[in-house]
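Below, each structure is written out as structure tokens.
Each of the two complexes below includes subunit A, the first together with subunit B, the second together with subunit C.
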Partner chain A sequence: MTFRFVSRKVLGSLATLLFVVCFNFFLFRVVESDPVSALFRGRNISQQQRQQLQHDFGLDKSKPEQFVRYLNQTAHLNFGFSFETRQPVTSEISARIGRTITLVGISTLLSTTIGIWLGIIAAWRRNTPTDYVVTSTTMAFYAMPDFWLGLLLLAAFAESFRWFPTGGIVNVGSGATGLSHLVDEAKHLFLPGLTLTLAYLGEYTLIMRSSLLDTMGEDYLTLARAKGLRDATVRRRHAVPNALLPIVTLAAVNFGFVLSGAIAVESIYSWPGLGLATYNAIRAPDLPMLQGLFLLFSAAVIVANLAVDLLYAYLDPRVRTA
Partner chain B sequence: MTGRRRSVFVVMLALGIALVAVAPSASGATKKNDIVLRVGTTQDIDSPNPTVGALVSSYEVWALQYATLTDKAAADFKTIPGLAESWTASNHGLTYTYTLRKGLKWSDGQPLTADDVVYTVNRARSEQWTNFDSTIAHITAKVIDPTHLSLTSSIPDPKLPIMDVYIVPKHIYEKVTKKGLASYKGLDGIGSGPFTLKHWSKGLSWEMDANPNYWRGRPAVDRVIFRPFTNADAMVAALKNGELDAAENVPSSSFRQLQKAKNIVGVAGQQGGFDEISMNSGAGVGGNPALKDLRVRQAISHAIDKQTIESRVYNGLTTVADAISPSANPEWIPKIPADKRFNFDLAKANTILDDAGYKDTNGNGIRNMPKGGADITLRYAERSESPYGAPIREFVTGWLRKIGIGTSVKVYNDTQLTPAIGKGDVDMFAWGWVPFVDPDPELSYFQCNQVPTKADPSGYSNDASWCNPTYDKLYKQQNTELDHAKRVAIVHQMITLMYEQAPYVVLDYSPDFQAYRTDRFTGWVKQPANIGPVIFSNTSPSYFLLKPISKASSGGGLGAGAVIAIIVGAVIILGGGGLLLRRRQATAGERE
Partner chain C sequence: MTQPLLDVRNLSVSYRTKSGPVTAVRDIDLQVNPGETVGLAGESGCGKSTMANAILRLLPPGTRVEGEIFFDGEDVLTMKPGRLRAVRWAEMAVVFQGALHTLNPVQRIGRQIGEAIELHENTSQSETRKRVGALLEQVGLPAGRANDYPHQLSGGQRQRVMIAMALACSPRLLIADEPTTALDVMVQAQVLDLLEELQRDLGLAMIFITHDLSVLTSVCERLAVMYAGRIVEEGPSATVFSRPAHPYTRALIRAFPTIGDTASRMAPSGLAGDPPDPADLPSGCSFHPRCPVMHEECPHLDVELWPAGPDSRAACIEVRPT
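Here is the complex of A and B:
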């Protein structure tokens, strides 16, 4: 990998990020809104207080002035204060980021590994009952809206069987420590994690299956078998590594989206992550929060894309010279 | 380690690390025998700082954390002693002198004196604290001695001697500058009420501990844990399976079903909230000229069948209403005389419009402005954020068509609707209000000076753009009338006048749906008596009065042992299945 190749990719990503920074400012101002009135409707505040709030929020300045101020702040990594809570946007985000990474990160990891595994089984045993069962089951879960699947699991396992809690992250106030605390967290993570894992399994299974089927027609596999290699070895050493390339792209992009959270599932299981924070911020609209959140989401996707570009160049030498 | 085993190990390790990472920091541990009340709600707090927060859930925190100088009776909001045990009026009702209880203490043991009260009132006035200003804008406080203080109002103030602002601890707040106050987190947890905030984990829970120094004594409940749910159905499930003892803001769709559940009582608590159809009455910017005509607004009032909306849209869970409700206390709502009521009567509505000269001159089924003017087509705004927005619009536009009034519908979210109303882009919409206990704030919204203007289309509260000089005059009178009975009479007169002028068609009084378990605590109190909610009421007296029935404090669900057993079982089954597959694969390979 040449230095030139890497620097070109990095510069490209930086340019995209810069564009996003500017775009974010205008995106949330396209629809006209009045955050002060929206946040303070039905509250007994005087005209003077209203003006003071407009001033505190920086909304009394013209759009170009607000834009310059926003750029200047963002350049200094200052994302401002949330209109709603008056706390720094960075602290609002950092309070939630761990939860989102846990839930969406673990489910993405699980759906990727299990999906790849199921895809391999389905392809290797194509047109057998195993293939039909795997493909149709994962397709069924993929076709279900995640909020619906989440509600079903909640109704079954939290409401009827009472095996798992109805939401949240831990049993609040239980004061549990050590292993029992970990078990408590695992109990809370189980249903939302299962929902997301099942919902995204199909994507990986199908892509892995079709990619492996393509590879299986290749001459070098016939050669490998002709050499007398065992079936499992042919698959592990020769077929799967070559079939993994499309999955790498999909997984990397999906990991980029991990930070954006999963609004529907977070909301069903009262899992206070970044997805919910975004939803709440849109309502006011809490402009500084939205700008901060969207910058973070875009940056995550841009970094993931950059990673996949570089990884591809490493995995597939043809890309480097292209 | 083979490749597959290694990847399984890595996944498990990542899982473990992530779980440890997500653990909320320093949550206060509950001792085994602590009596814990668990309350579910659909809203997190925005800020526990009483000079910043705005949400109902934040008010619940302050109502528990801060005792007020005067308190309100649970039954009827009557003014009763709070931190002050007595008070006397002087100077023609402009000055009140309060005597504090002896030996008052903050939850941290510091003495609570007249100095704290005077500090709060004077600083809130000079810095215009958001949640305080409307109460104390004209009041100056003075310390007489540690247990005596005086409040003097520069104008006659009928709200006195009531002083329901949250008294903050001077020894904490004096360290916070005026500039620093807006971003002050308010997590000090030092208060004078029955419970004080111990811990807040955003989006997850907030926990309040019993205050041993509360002037009424230590509550029987040791700790209250609030859990905000983003899925109200999950909250209902948590109440049913015993994870919760009470729930606020139960969805109306599951309310009836909850009422039938074992050990659960549903409460439809009225605290003054009402829903209305608002009509742009033309005193502001824009608006359809037809609605400026009182007769058109009255005809529309006759054309809206509140009974049908109540039974078909609200499922019979609300109360059909005539006039606005300016207070959580029903004594402020007048009875509209039968001869003044706009009963549902489409024929009468048509007659009124015919007599007023709005005829359908071009024969398209829609009435025209007099002298062959334009069709009367009203711009109806449907609120996307209300679950009732669409069905109400469906009914209302249907009835309007029957009296020859056309509508063009546009859907708005609340954020977009607010400026659209101010700019006069909307003629009609359905929305609602929830008033305070004193009627003054709600009444103030309908003054002429609250109508949106071209210069300031966002600085308004009068969302019907309705201006009536008589109403304004009466508003000023009630605002300074110190005789309670006379003030009530003036307020009744104002509301009746507003009803006749019909800028609003008030549909119903909308309750707050709550539910609580009967097998854990007794002593739930409704505020006001019989009709009010049991929690999230104005001063929320229930929490202090609750007594436990049994000591069991953990909710339903499985114990840790059973869960470990399930996980182990699942691993064995999955692992066994995996091995089986492997074996079959191996033979398949060999066969080839």
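Here is the complex of A and C:
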């Protein structure tokens, strides 16, 4: 991998990020809203209080002035204060980011590995009952909207059977520590995690299946068999690695969506992560919070895409010279 | 007389398709003696490559193969999987056409060549590397090229890599399936010279498959011409080329202009019409709709290979013994 290739990709990503930063500012200014009255939900406040608040939030300045201030602050990783909680956006986000990474990260890892594995099985036994069962089941979960699947699972396993809690991250007021705290958190994690894993699974299975089927028609597999390799070795050494290339793209891009990917599911299960925070910030509307969240989500996607480009060049030598 | 190294008897191959089985190779007999080069010629779709793949049992599952393929007295078609894998490449190797698609694009060529050596001879890593280097030098490439990926080589170099790979385990039979088709004329000549030289030096038996008869006469001792899945003419290549008995062979020869002969260069005569659809062959002699010397009874005549000269046979009514 040449220095030129890497630096070109990195510069491209930085340019995209800069664009997002600017776009982010105007996006939330286009939505005409009066944050101060939204904050008080129509309750009466004095004119003086209103002006004081507008000044505190910097809303009394002109749009260009606000923009310059916004750029300056963003460059110093200062995203302002949440209208809702009056806390810095950065601390609001950092308090929640771990929970989202736990939930969505684990789900993405699980769905990627299980999906690839199911895809290999389905492709290798194509047009057999195994293939039909695997493909149609994962397809069905893929087709369901995740909030609906989440509600179904919630109704079944939390409401009817009462095997799992309905929401939150630990039992209210449990105060447990150590291992029992971990078990408690795992129980709360199970249903939202299952929902997301099932929802993502189909994509990986289907793409791995079709990618492997494409690869299986390649002449180099005939050559590998002609060399006298076992079928299993041909599959492991020549078919699967080459078929994995499109999956790498998909998985890495999806990892970029880990932070933002679970707005619906986090809301259903009251999982206090970034998704739920986004949902609440939209309802308020809490502009600084939204700005901070959107910037973070975009940055995650941009970084993931950069990682894909670099990883792909490492895996497929043909890309490096392109 | 010695036992032939390869003895194909009554070989028929039919592919399974959606609209029913399609017979690509019909009732073929072919013998190759140790150290002998046999040419197999014919248009695209006449079953040449199917023959090549059938001999190593590389046809897709579900393909019906009938007849016998004796390699050194052992029927390839009834070999157990383990024995078959041991025979592949160590005894019979293939130079496939179009090395761009036959080499794995994401593996270094050294690894792809070494894979066969390690598999069949259980060599150590350093021993394999030495052997790969020697093989590359044998086909006229620097040993350092082992670290290249296929896309870093030219078409001719890739074909040399294919040849080096085929020689890796010193097979007794080499099947060259259109090894020069995708190359330009100069490189074609180089690759042909290389194959001839290696064949002579190593005492390989070789089946040389091509649509270019003029290539075959310079390389092969015996020649078989295929049409619509059958051998229609067979004999010493000098005889077949200078005194072709079958009208199809004559047309094939005329299709290539003779160098120095202005008349043939100005008007290379082809053959009218397309090769027949294997799923819907003409009755009788399947060549009759395109035959310039068709007799009245050809559409109903069951042709077989009749003696056409001292050592040659042809499947044409013109040589039918009376």
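By definition in this document, the second predicted complex is superposed on the first by the 317 of 322 C-alpha atoms of A that agree within 3 Å, B and C clash if a C-alpha of one lies under 4 Å from a C-alpha of the other, contacts with A are read in each partner's own complex, and residues count from 1 in each chain.
The criterion applied here is as follows: contacts are C-beta pairs under 8 Å (C-beta built on N, C-alpha and C of every residue); 3 or more make two chains touch, one makes a residue touch a chain.
Fair warning: this is a prediction, and the values are worked out from it, not measured in the lab.
Trainee: By the touch definition at the top of the document, which applies to A:118: first (subunit B), second (subunit C), both, or neither?
Mentor: Neither: A:118 stays clear of subunit B and subunit C.
Trainee: Would you sort A:243 into first (subunit B), second (subunit C), both or neither based on which partner it touches?
Mentor: neither
Trainee: With both complexes superposed on chain A, which partner does A:226 reach: first (subunit B), second (subunit C), both or neither?
Mentor: A:226 sits against subunit C, while subunit B stays out of touch.
Trainee: With the two structures laid over each other on chain A, which partner does A:268 touch: subunit B (first), subunit C (second), both, or neither?
Mentor: First partner only, subunit B.
Trainee: I want to verify the contact counts: of subunit B and subunit C, which reaches more residues of subunit A?
Mentor: Touching more residues of subunit A than the other partner does is B.
Trainee: If we overlay the two complexes on their shared chain A, which of subunit B and subunit C does A:162 touch? Say first, second, both or neither.
Mentor: first
Trainee: Going by the contact definition given at the top, which residues of subunit A touch subunit B in one complex and subunit C in the other?
Mentor: Touching subunit B in the first complex and subunit C in the second, residues 225, 230 of subunit A appear in both lists.
Trainee: Mind listing the subunit C positions that touch subunit A in their complex?
Mentor: 53, 56, 58, 85-90, 93-94, 96, 98, 101-107, 115-116, 119-120, 149, 151-152
Trainee: Quick one: in the complex, what on subunit A touches subunit C?
Mentor: Against subunit C, subunit A makes touches at 218-220, 222-230, 237-238, 241-242, 245, 315-318, 321.
Trainee: Residues of subunit A touching subunit B in their complex?
Mentor: Interface residues on subunit A, with respect to subunit B: 31-52, 56, 81, 84-88, 92, 95-96, 98-99, 101-102, 105-106, 109-110, 113, 121, 151, 154-155, 158-159, 162-175, 179-187, 189, 225, 230-232, 236, 266-272, 276-277, 283-285.
Trainee: Can you list the residues on subunit B that touch subunit A in the complex?
Mentor: 3, 7, 11, 14-16, 18-24, 27-31, 36, 38, 44, 46-47, 49, 52, 54, 128, 130-131, 133-134, 137, 182-183, 185, 201-205, 207, 223, 225, 227-231, 233-235, 237-238, 240-241, 243, 385, 413-416, 418-419, 422, 433-434, 436, 441, 444, 458-459, 554-558, 560, 563-564, 566-567, 581, 585-586, 588-590, 592
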